[in-house]
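Letters are used for the chains, namely A, B, C and D, taken in the order the chains are written, and counting of residues starts over at 1 for each.
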């Protein structure tokens, strides 16, 4: 009898399961460089605000750019469906837990007004900010030219999972190499989580890849679809694809870890796993300037037939500047994210993000099972 | 001194420990085919309703068939012991937690009325439905001819564990190859969880195998007997047996993952592990049309000397159609299971269930430890 | 530079982490033989009641023998320190949680009355029971002759950890080969958890080994000393020692898994790991006939300087007969332990305990993370 | 195509994940020797009190020395910033949870009074105690001569992570070989967690290394920075470095496991992992004589821009002597730590700490998942 052939499963890891090992050398945090580059754009901090309606609006995008990062405005959300988004955001904030999913489904079923796309982009540009906008693949061919005309700087094509080859009979799939030729701005595409998928996307000529399926706090994709890869492994795999692609093409395409980063420690681990930048949702929704007023919800939540998400109460804990740069009296890692990154890099003895990619990591038990057990026996 | 020989233990996995990796290609969900075949029967959805008294009665069987699936009526339960099952079901629903096990033991100690077997089957057939019934091995020789005469379509021979070779001195064991010759309908047998046991069952000529020992929400077999294999590993192993059997015989015998599927994500993972169909209990007991009125209990629960089960409050959350096809405003994965399966297949870029068997999976930490930890620090 | 030499750690397993795989053959439970032999004694069930003061007194010992098992009376406990143990047991039962450890320390600091040793043994013998008694190694040379004279049948020499070679300057260590020559009854020694320690004990000529350090519900040895090996691994290792010793000597020395068995499933897993018998504490303390009246505490708990234990409320749930043989309406695996063992053996298709040693086991996630997660999302 | 190169992660272990295996030989606890040596100093117990303001002040340092151990006074904390530390400690004790971090930040922003350094050291010396003090690397060149002049015995140079090579542009990094030549007392340096970093530190000629980053109960470095290695692995790795360094140099430099030890079991495991001594924080803050009056906080907690810590309520449970030597009626492992260590060494059959380094350990599930599950089903 032949040996049975069983399907093999690879072990994967999430933020809570790993830790960064200090280096043999240490360095003062003020000597670290954390620049992030996408084609000709250079950002002084490697942090993007997510294209979520509770996180990014025109004001937050302007502020984020001023602070050195980049916010992405969602062109398929409330900002382009409603002349007065504020009204709708208040309504969502006031809905009860039982009411909120049907309400979101209704809110997001209103048509997108094409005129608002241009208006929002121009408002961001007028504030002197770099303007990044996001569209779902199915709307890209229609909205990309409008965004280009309004002089958006960077386009993000994003859905739960986006591949270089999509099969559909209802419409001709989006071809990224064609899109790239038709518009001149950098294209960031996401999300993906595996080596091959990432490599194929990079080969279409795009400018950046968003990494992450299922990990976000406001997302229930793993519960509903069973799909997802924990972020440490997803980032490690896509970083390997980036490095392989650089070897074959000479072109360095940055990867952005998107989703599941809830505290400074997670952010530092993303970089140690290979991220060039991170995209933050719920942790930035805590900012006073965030449109969600202390709440957050995922962009798959309003799906009409298969909603995947939770409205999360994140609270309003400080200004965006405090969350990014401190100073702070909060000790749970949710503020002074940039300070945390520089401190971790100092401990690892690395001078820039690419050196941080080489920091050693270990698989470690979740924090709650290490050394803190006696506290429980106290109560 | 010789090297000590220690017993070796293989690692096994359950639903909560794995996740599906998106494919390199994606596909529109409306282009997926999810047909399920058992001999000459083709079902448009690969979902069976379990032979549990809180899940399947005549009405639900008719409805399930109409919706494209298959429900299995338990011939050893309340439906064939009582002329008026409704009465008994109400009594169970009203019993307190302390009373319910003795009550179930009493209820199931009443004799089976053979005349009711025919009546129930004919009611299902009259509704135009495909009629599947289940019997325990010890009753099979007696009830199979009655079921055949009443024109049942499919017979399921089911107990906690059923093997091709059973040793008993009190009765001559059921021989599946003999049963197959004596009745003309397809025979599905279960449950089993390992490669060899599954292969041996298939070699007897049966038409399908139920996979799963111990995982169900209403089952305490692992607590009481220590026996059970988590469903991902059980499905992977039995799928390998199915493929090996097809190679040796040319015959494709489908396997049906039965038990422990509590949400859409679990269901999708069962198919990615190799299942041809799934059998659902507690998740369908939530349907308005389910006889359990918001409760469920396992068929090993009423055992007179060694009851193994829990009466679970599942609640009544929607119609059977909504649970299977949506639309829904529920975001925990308990509704629109078919939509979830098609969406997951789209993300994996697979066109049918057999391609889904090849989707990559990773071992991943349970959802609660990934990215959601900061929520806890919020409260 | 030489490669660094890091200390290696072997993975070990406890009851909750493994599960038994059903066999390729099944067998009717009534055809299983579960006899347990120690030298010339044969017991019809392979279950020992622990030498704990809340579990075994004269009455329970008599009853246990009548039911086919064996209870071990602790000669270093309350029964031999007090003429009227009932009084003391009530006092312990009525003490508050804060008072109980100092009270136990006081209670167990009273001297042992040698006359009571003989009396207790004779009472057990008078009831027609097999009489097993336990002593700590330091008291063995003094008490063994008294027990022998009173015609005890089996002597158990037990402490947290007992080795074949003990180094002490205050007294000459107990030499088991000498003890064996001085008394004619079978000697069971414990506890141990590793291959070498078990093998060395067997080579001294003793008749049985108790396996288990740290796992009991009423024990905090792992918290206080950091010492212990989970029971599945401990049993597997000692079973390998037993088999190796049988090969070298021709003599089969049974091993008894002692501690941590909280339900039928654990008991079945102990046998599948290689146990010839099990010793039960807290689960038998639930019997109406147990002296602990619904409580249990470990024999290291009253230690004057370093108490290691918890007084556990186990409740009184049924008669000893019900706990061992059912019938029951309890579904958590705490009653009908013998029925559970026979049922598991039937599912594994094995006819006796030695065949059960060969049942396949898998490492499986704890029950609570398998399939039951959706229940939580219900509440 | 080349095989993708994925970043590899090594598995690491914390206290809760391992257990010590009893030896083949056992020994009476009173025959164990637990001396700890740093250069010419010999301590009769291998326990250091941490340089935390809630743990060590002048009085506790004197008492600790008298009891055979060593306490380290923090020269960068409250004792050297305030003439009357008592006042400040009371203020911290009375602050609410919301107020405490800003208060600590304010308290620790006051300048250090150099005259107090000498005063505190002299008070300790006057009490006849061995005097150890700690300084952060940036203050070492300034404070070390003052401490030397005041006749401190041992200097500890300590920060979250200290390496042999620190890169800074604002000040010339501390060179340990230079420091060693400039002062005559033994230098202990920390913290570090990896083989190479530890080896490099030893090669500078220092006298001892503190092991541990992130594990302490009052520390949130892993949440905030993502940095840390669980203590068992950290200790094993640094012990390998110590042994390698001894081979290359002939010099034995002890390592001290610092942080995360919450009970006797953890302490014993630290020694079995290779520690020569342990440094205790929160567990000693429970002493009646500790300055923290039932509270503890980490020395990274008052950081002005990036506070990392929690104020932990540890309670006041006994005298320092009771915590170290018992006797006790506490059964959770938080008292009689020396008794626990000697008992564990007895069970392992080892005579001294260096033999304890060779005790076998296994990876074992956390205590809560072993054998105690049935208790849960009781409630």
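Heads up, the rule we're going with is that a contact is a pair of C-beta atoms (placed from the backbone, for glycine too) under 8 Å apart; a residue touches a chain by one contact, two chains touch by 3 or more.
Keep in mind that what you see is a predicted model, and the values were worked out from it rather than measured.
Copies chain A and chain B of the same sequence differ in orientation by 90 degrees, per CA superposition (steps of 5). In terms of the distance between Cα centroids, chain A is separated most widely from C. At the interface between chain A and chain D, under half of the residue numbers appear on both sides, which makes the contact a different-residue one. Chain A and chain D, compared by their mean Cα positions, are separated by 39 Å. Averaging Cα coordinates per chain places chain A and chain C 55 Å apart.
Among all residues of chain C, those that touch two or more other chains are 13, 15, 263, 266, 332.
Across the assembly, chains come into contact as A-B, A-D, B-C, C-D.
Only residues 13, 15, 18-28, 30-31, 195, 232, 236-237, 239-241, 243-244, 247, 263-269, 272-274, 326-333, 336, 339-340, 343-344, 347-349, 360-365, 367, 369-375, 377-378 of chain C touch chain B when the two sit together in their complex.
Across the complex, chain A is touched by residues 2, 4-7, 9-17, 101-102, 105, 160-170, 192-194, 196-197, 200, 213-217, 220, 222-231, 233, 259-263, 266, 282-283, 301, 304-310, 312-315, 332, 334, 366 of chain D.
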